[in-house]
Amino acid sequence: MLPERKSLVLDEHAAAALFRDGMTIAIGGFINSSHPMALVRQLIRRGIKNLTVVGAASGGLDLDLLIAAGCVKKLVTTYMGGEHYCPVAPFFRIAAQRGELDIFECDEGMFYCALRAAAQRLPSTPWKAGIGTSFPEINPEIKLYNDPVSGEPMLAIPAIKPDLAIIYAAHSDAFGNVQHIGTGFGDRAMWRAADKTIAQVERIIPNEEVRKNPLTTSLVGVDAVVRAPYGSHPFAAPGYYIEDAGHIREYVDAGNAFAKKGDRGPINAYLEKYILKPKTHEDYLETIGIRRLISLHEY
Amino acid sequence: MLPERKSLVLDEHAAAALFRDGMTIAIGGFINSSHPMALVRQLIRRGIKNLTVVGAASGGLDLDLLIAAGCVKKLVTTYMGGEHYCPVAPFFRIAAQRGELDIFECDEGMFYCALRAAAQRLPSTPWKAGIGTSFPEINPEIKLYNDPVSGEPMLAIPAIKPDLAIIYAAHSDAFGNVQHIGTGFGDRAMWRAADKTIAQVERIIPNEEVRKNPLTTSLVGVDAVVRAPYGSHPFAAPGYYIEDAGHIREYVDAGNAFAKKGDRGPINAYLEKYILKPKTHEDYLETIGIRRLISLHEY
Amino acid sequence: MAGNTTLAKDFTIKELLATFVSRQVRDGERVAVGAGLHVPRAGILLAHLTRCPNVRLYVVMTFTSLLKEPRMEPFYTVYDYRPAKWAEGFILHDDFQEDPRLVSDTFVVGGLQIDKFGNSNLIGVGKDYKHLDFRGPGAVGTLSMAHYVDRYYLFVQSHDKRIFVDKCDFISTVGWGQGGADGRSKLGIPGSGPVYCITPLCIMDFDETSKRMRLKSVHPGVTVPQVVDNTGFELLIPKDVPVTEGPTEEELRTLRERIDIEGMLRK
Amino acid sequence: MAGNTTLAKDFTIKELLATFVSRQVRDGERVAVGAGLHVPRAGILLAHLTRCPNVRLYVVMTFTSLLKEPRMEPFYTVYDYRPAKWAEGFILHDDFQEDPRLVSDTFVVGGLQIDKFGNSNLIGVGKDYKHLDFRGPGAVGTLSMAHYVDRYYLFVQSHDKRIFVDKCDFISTVGWGQGGADGRSKLGIPGSGPVYCITPLCIMDFDETSKRMRLKSVHPGVTVPQVVDNTGFELLIPKDVPVTEGPTEEELRTLRERIDIEGMLRK
């Protein structure tokens, strides 16, 4: 018998078994699009704690949900909001104001410096933008120094190495050749920086399909692939569906109840209904309902 | 009348009018593939001198030809050979041995550090590989320093900013949206680093064709486009033609006559026949002959 | 430019502001279209469709030209995939850091606070970073983009003393630093910095010598004292303060018929 | 592994070397296939087709698996576009620098000179860098790849005293530096360094303590004195020096029928 390639496909439970308290986890996507929500919900369901969560740049309500659920110790991000749904992510805002959250304060340029340093196995990479701002003061991990060639003042952005990156993409074959629809935002930078990457995908496609358009293979070889149709819900999935505005508003309302009135009732109900009670991604989708899901199909 | 977009297409003479003595010019491609040879021959025809030539990483006989023609003052490259055609580029070897050539000695990792620093407008970027080698000693532009975060020894690779990048690609529209076939090697890094980029292409295609496959647009907006079919000859052009082994051997033989016997006769004859006598790229192609050219079509 | 160059009489303040933004665009530039801000988005598209056919628009991780679009399908977010139908090319989000100038020559920066030298703050309000009174969304990419672009514009959706403060609690994007014509160069920062500050009441620029913020024009119906009363620092007031020029008939028609087809600027 | 595991009797030294290389590959790794060197290329492909179905091959700026290819179309250069027909994905050449470990877990490094600690030189031969006796081609990507990969292999196509010298005139790729088990770690260099040095005469490894080069096996027909006489530094010689193990019948068949169809290794 000739040798055969091993499939890298895992079910959501097997993938989630890789999660550990205290890990540094990068989460792909961009604001209200392309987050690996089936895996994010597994993080919450398993009660994973003390995470250092990296990104995305820019981040969004996916990270806010993890803060709401008590999973996050430290956050590396450049933006925590929901665009027109909410200017500042509610649980993030309160946790930050109370000093309950360690924040690696950075902008998008610095964010990618930190990931690139990790990918290049360098202790830091330089960035010039930020000189004259408050960043070196409010983020003491960023060091001021003088460039060895020109002598001018520079910022050294330290490497941030995720133990694990979890990203969302449209397609992958069983061997971890991932093809995003569209750009894939900053997922490639996370994949390069992380020790391991799990891609949660809308569809698993044959290797032969990947080979028809190899220039669109965005991540050549992730470590595991999880199939989760509608898996970015309530956020958008390029080429598949737009974000679920109603669901996002329900979440933001729950956030505002807490942020403005200190009432955790609505968020607890949200967590119970959408995350803790459903045991699987399919259970979650049933809770959302097929009518709602197909109403979101793009265009 | 509604406003219209301006075409960026130039003929080879108009493009070559941008060349100046003493410029820093990056030349795209990789070893025996994808060099913008119509423009390289124009550099020689116009007697441009004292160039600082950047790359490619890895470089090849395109750069050796410029050295043979007396255009080059300084060379930034990681490799000067022709793979199985010749282990070391002949005019490079002799010029280097005689100390007639300034060499920015680097490896591919350092090469891209220097281009990235230029693109990021940073004075230098760090690299770790090279510690313990002769590079910091034979290339005094590379500085040893201690990383400001970890304290460990690092190399600072200085920015190298090309005034101009000239690259070869399969296709572009008239507005400078370039689509390589294949990877484009390191051309993207040159485009990012350079002040201006001229793309020499096999075919100019309609903007509508570019839009059919925007993920394959490799350089989104060069400054000028020059159409030159068979324009990478005698080197390969991915998807179009393989290298002209006979022609490359003719060049290498001329190089060896000089390197081994000090005889410039053959290279002078080569330069006269293929570069100085033909006034245009079309003249050059007539010298090569259509039978030879179509015999090279790939596959 | 073809069309009716008579100044229009009937327009909203948002349409006025979009017109002002459009006049900042230079043909041939790369221009990032911040999808989330209706006014700058409409202004950039207005420039593109009228005076600047050769701008390269950066729209939701794509580059494109929209000259041939008779009417813009709306796009309101920086993550909406639908504008990709117009793409001539993509970039990955992390690519922007490789060469920010390939993304845009200009940028629009907002702020929770803006000080008299045009420094701005998206981090938060309060004296103690660990216990802010109000935690902001964060800097997004503003500090890097503002550093690298040729010039940038401050843009806020309200004009009051909470925003315009003598000194920002934190600086996320440098304007003119501590002031002076060398306020940026002595920090080693390139670019011509913030050019104008655009608000619903007025346009402000910066004094050439001190680089302090200065009133440039007030919008129709707004008085100079009204601006002064709503600004928390001492604003320089020149002798003559003109009224901000509005759109031409042609610009207004292009705005309404080809760009703002949903009427976001008329609300 | 299926097939005939009886050792073959009739093979060339190049086939022997390819077999040795193939046994260094670990399943599941990323492996760069240096197209220009026939022996390592054939060895890696041999591993892939027999023991290592899950290696991710890096071939001419593409990543692929070639398990399903009944016979390899030849590819001999690192710029040939034709292997791209097999691609599962591409990388740009500059991408490799972003994360060299995503390109390959192993690498093959050559040299104009190699010293007793496995340091190697592709720069040139001579005492004065400005006036070399022989200018080499340059380091290519060897120093960065050798730095980042898990381990690398020295490979030369001849074995003589010009190559194997006591001290390289220049070092382009660090082996064990000045020697010792901490020869790399004290320079701050990761990876397990050069594992073997593969030549037409023998295989050499490195003494665990001193990290000096040591004879590991000689190829059929080669004697220990022959190796010593052609090595310009004092080579460590263990008591027992076995003969390098050749291919099995199955390996040789796979090499000849599926990989080296043009017979480059039999010339």
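Assorted remarks:
For reference, chains read A, B, C and D in written order, and residue numbers begin at 1 within each chain.
Definition applied: contacts are C-beta pairs under 8 Å (C-beta built on N, C-alpha and C of every residue); 3 or more make two chains touch, one makes a residue touch a chain.
Treat the numbers as computed from the prediction; the structure is a model and nothing was measured.
Identification of common neighbours of chain B and chain C yields A. For the pairs A-D and A-C, the larger set of C-beta contacts lies at A-C.
Separation between the centroids of chain A and chain D, computed from CA atoms only, is 40 Å.
Chain C and chain D have centres, each the mean of its CA atoms, that are 57 Å apart. Centre-to-centre spacing of chain A and chain C amounts to 29 Å, using the average Cα coordinate of each chain. Among the residues of chain C, those in touch with two or more other chains are 62, 84, 90-91, 97, 148.
Looking at chain A, one finds that residues 116, 120-121, 127-128, 152, 215 touch two or more other chains. Of all possible chain pairs, those that touch are A-B, A-C, A-D, B-C, B-D.
The residues of chain D lying in touch with chain B in their complex are 36, 61-62, 76-82, 84, 90-94, 96-97, 100, 121, 123-124, 129-144, 146-148, 170-174, 177, 187-189.
Taken in their complex, chain A has these residues touching chain B: 120-128, 141, 143-145, 147-150, 152, 154, 156, 158-159, 215-216. Interface of chain B with chain D (complex): residues 30-34, 57-58, 77-81, 83-84, 87-89, 92-93, 96-99, 105-110, 112-113, 115-116, 127-135, 138, 152-153, 181-186, 188-189, 236, 238-239, 242, 298-299.
On the chain A side of its complex with chain D, the touching residues are 1-6, 116, 119-121, 173, 175, 177, 192-193, 207, 210-211, 214-215, 217, 220-221.
Residue ranges on chain D touching chain A, taken from their complex, read 1-2, 30, 49-54, 56, 62-63, 65, 67, 84, 86-91, 97-99, 101-102, 148, 190.
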